[in-house]
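Letters A, B and C mark the chains as written, and numbering starts fresh at 1 in each.
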Amino acid sequence: MEDLILIWNSLPALLKGMLVTLELTLAFLGLGFLVGIVFAFGQVYGNKFTQTVIAIYEKVFRAIPALVLLFLFYFGSASLGIKLSAFISACLAMGLRSSAYQSQIFRGAIQSVGKEQMMASRSLGMSQFKSIVYVILPQILRLSIPSWTNEFAIVLKDTSLVYALGITEMLRQGRYIIARTYGNSLLIYITVAVIYFILVFTGSKFFSFLEKKFKIPGYETKEEKEGVRAV
Amino acid sequence: MLSNPPILLLKDIRKSYGTEEVLKGVSFELSKGETKVLIGPSGTGKSTLLRCINQLTPPDEGEVWLNGTELTDKKVDINKARQQMGMVFQHFNLFAHLDALNNVKLGLTKVKQMSEKKARSKAMEELERVGLANQASSYPAQLSGGQQQRVGIARALAMDPKLMLFDEPTSALDPELIGEVLEVMIDLAEAGMTMLVVTHEMGFARSVCDEIVFLENGKIVEQGSPRQFFENPEHKRTREFLDKISELYGGSKR
Amino acid sequence: MSFFDLAWSIFPSLLKATIVTLELTGISISIGLLLGILLALGRLYGNKPIYALATAYVEFIRGTPLLVQLFVFYFGLPSIGINISPFFSALAAFSLNSGAYQAEYFRGAIQSIKGGQMLAARSIGMSRFKGIVFIVIPQALRLVIPSWSNELIYLVKYSSLAYMVQVPELMARGKIIASRNFRTFEVFLVVAFIYLVIVLILSKILDLVEEKVKIPGLGT
């Protein structure tokens, strides 16, 4: 009973933190999307130099732990005399990191759409830009939804790492509640976990709804067709 | 035929990939209303030649002239020129995310800047012409190969091209679906469209085209009327190739 | 002090901490491997309660942040009277977390093995259990290598979270050094570089392993 009251009382603060968590998710994913999609096209259609630079960018941002990136952009930049707010540093670190993953997602999709679609639209007299906007992009966005759902979940969960920069997101709200109330910390952290779970679950459901909605009729993925079954 | 000025003129087209010279100086012309069939072994540069014509693959050397305009000139607005040359692909290349109607309509609204309403009725007209008005809202993956190819033809025709380029339009199709596509092409030829067709359908070549061009190893070996080609080919290689084709594709019934 | 002098001077100390990072990763991935196989088998072959439990576990762990899981072990458990050291709480959190992900990789791999394999095993008189142990799992282990490689690399990187509960691993060492010399950016550049090298070496090794155990003619 006491436990339930503690959870109930901590909900307003946790929900406030949750809003920050969602804002951060949106910002990281948004920046990652913009940079990622440009880089993906750069990788496929760019010249050798562009391709190499983007490949190195991807490798580096994917190999360095998120926490190290956060430190480099926040504490590191400060030590160089560049003053960035915790929020901006977090956006740069986590957004650029996500862009490296999203770029790979979109690149895969562009490659699976294939050169033929581009050739067909160029043969009608469409410019390369128009072909990308009207023919390639609509297809790769559809194809990317499943992997993108995964990236969404990862980015959402990893927003908890900005705890280390002192941003008052959901996990830090939890910590404050424990400090204020001397409450059962196990209970609070599990409550935080449950809220994260609900967010991840709802978000993923939303994306699979989108996937169904934008599904191209007759264009099933192979697994669906074969109906994979356990032996 | 002689009275017609050439619509398309190729002068000494050359193209290499790396060190491999795929086209070694190809020249020919196509008059208005003429249907030319291009044959030759696989890997010999037929697709490359078609793509050199509409500059999807710019040739390294040589000139392509369409209706008095040099397309190989860097200053030419190639997107404008391509609207005058419809292309039909071996694997159809329909836009996978659009239904049949929108496949045909896209070029009209986005390239020709036609109004939605006009584009729609024009697209429907073209689908009707290939006998697919009833499949307007089907997506490519829901259509048979033959139907997809007919949509592909309608998509190209919708731009009102002066010239149609066909790259083995039936070779990816199951035998029973070839007829419906050939029928559309025959209608088109009879209606006076200028066509350049890469195909191994010898029945089509025999009965429809005005001239056959035999390409091998990036060079034209022989060109002439179907009659001369089938009855009295000049080169031994031509005869051998025709024999092989009729073996592979089963006579010239179609 | 130039960057390179600095890097040179802090390198030995960072390398020592790297050993902790690798220990943490190595032990966690191994425990996670066992747990993952058990969970996958539970989800595929278990009876209703086992299936439900395994599924709930996998989904809940994968749906929550690792850092929160770590806090549950380190800060949470003491409130019900269980105190474990930083290293062991990190180990527990990482292993249990990785187990859930590895379970999914195994499940996918086992599912992609054709039903005919089990039928063939049964047809030569193997029991279902023997079929799983001798036919299905050996094939699944090979198939799982690419996703497992990813998991190992993920875990190396996420092991840096142990810093948040005072485990003296690479990240924590970097922080201590930076708090003394105030050259945070350069110190963490070196830290980042060490992670980069570990990740690159590991992916190379794993590529080689994959090549080595590949069954001829069978794509992974």
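Basically, a residue touches a chain if its C-beta (ideal position, glycine included) is under 8 Å from a C-beta of that chain, and two chains touch if they have at least 3 such contacts.
Bear in mind the structure is a predicted one, so any value in this text is a computation, not a measurement.
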item: Chain pair bearing the highest count of C-beta contacts; value: A-C
item: Chain nearest the overall Cα centroid; value: A
item: Furthest chain, CA centroid comparison against chain B; value: C
item: Mean-CA-position distance for chain B and chain A (Å); value: 45
item: Interchain centroid distance [CA atoms averaged], chain A/chain C, Å; value: 21
item: Chain centre separation in whole Å, for chain C relative to chain B (CA means); value: 55
item: Residue numbers on chain A that touch chain B, as the complex places them; value: 113, 116-117, 119-127, 130, 134-135, 138-139, 142, 216-220
item: Chain A residues touching chain C - in the complex, by the definition given at the top; value: 59-60, 63-69, 71-72, 75-80, 153, 157-161, 163-164, 171, 174-175, 178, 184-190, 192-194, 196-197, 200-201, 228-231
item: List of chain C residues in touch with chain A within their complex; value: 44-45, 60, 62-69, 71-72, 75-80, 110-115, 117-118, 136, 153, 156-161, 163-164, 171, 174-175, 178, 182-186, 188-189, 191-192, 195-196, 199-200
item: Partner chain A, residues of chain B touching it in the complex; value: 51, 54, 56, 79-83, 85-87, 89, 91, 93-97, 106-107, 110-111, 138-142, 155-156, 159
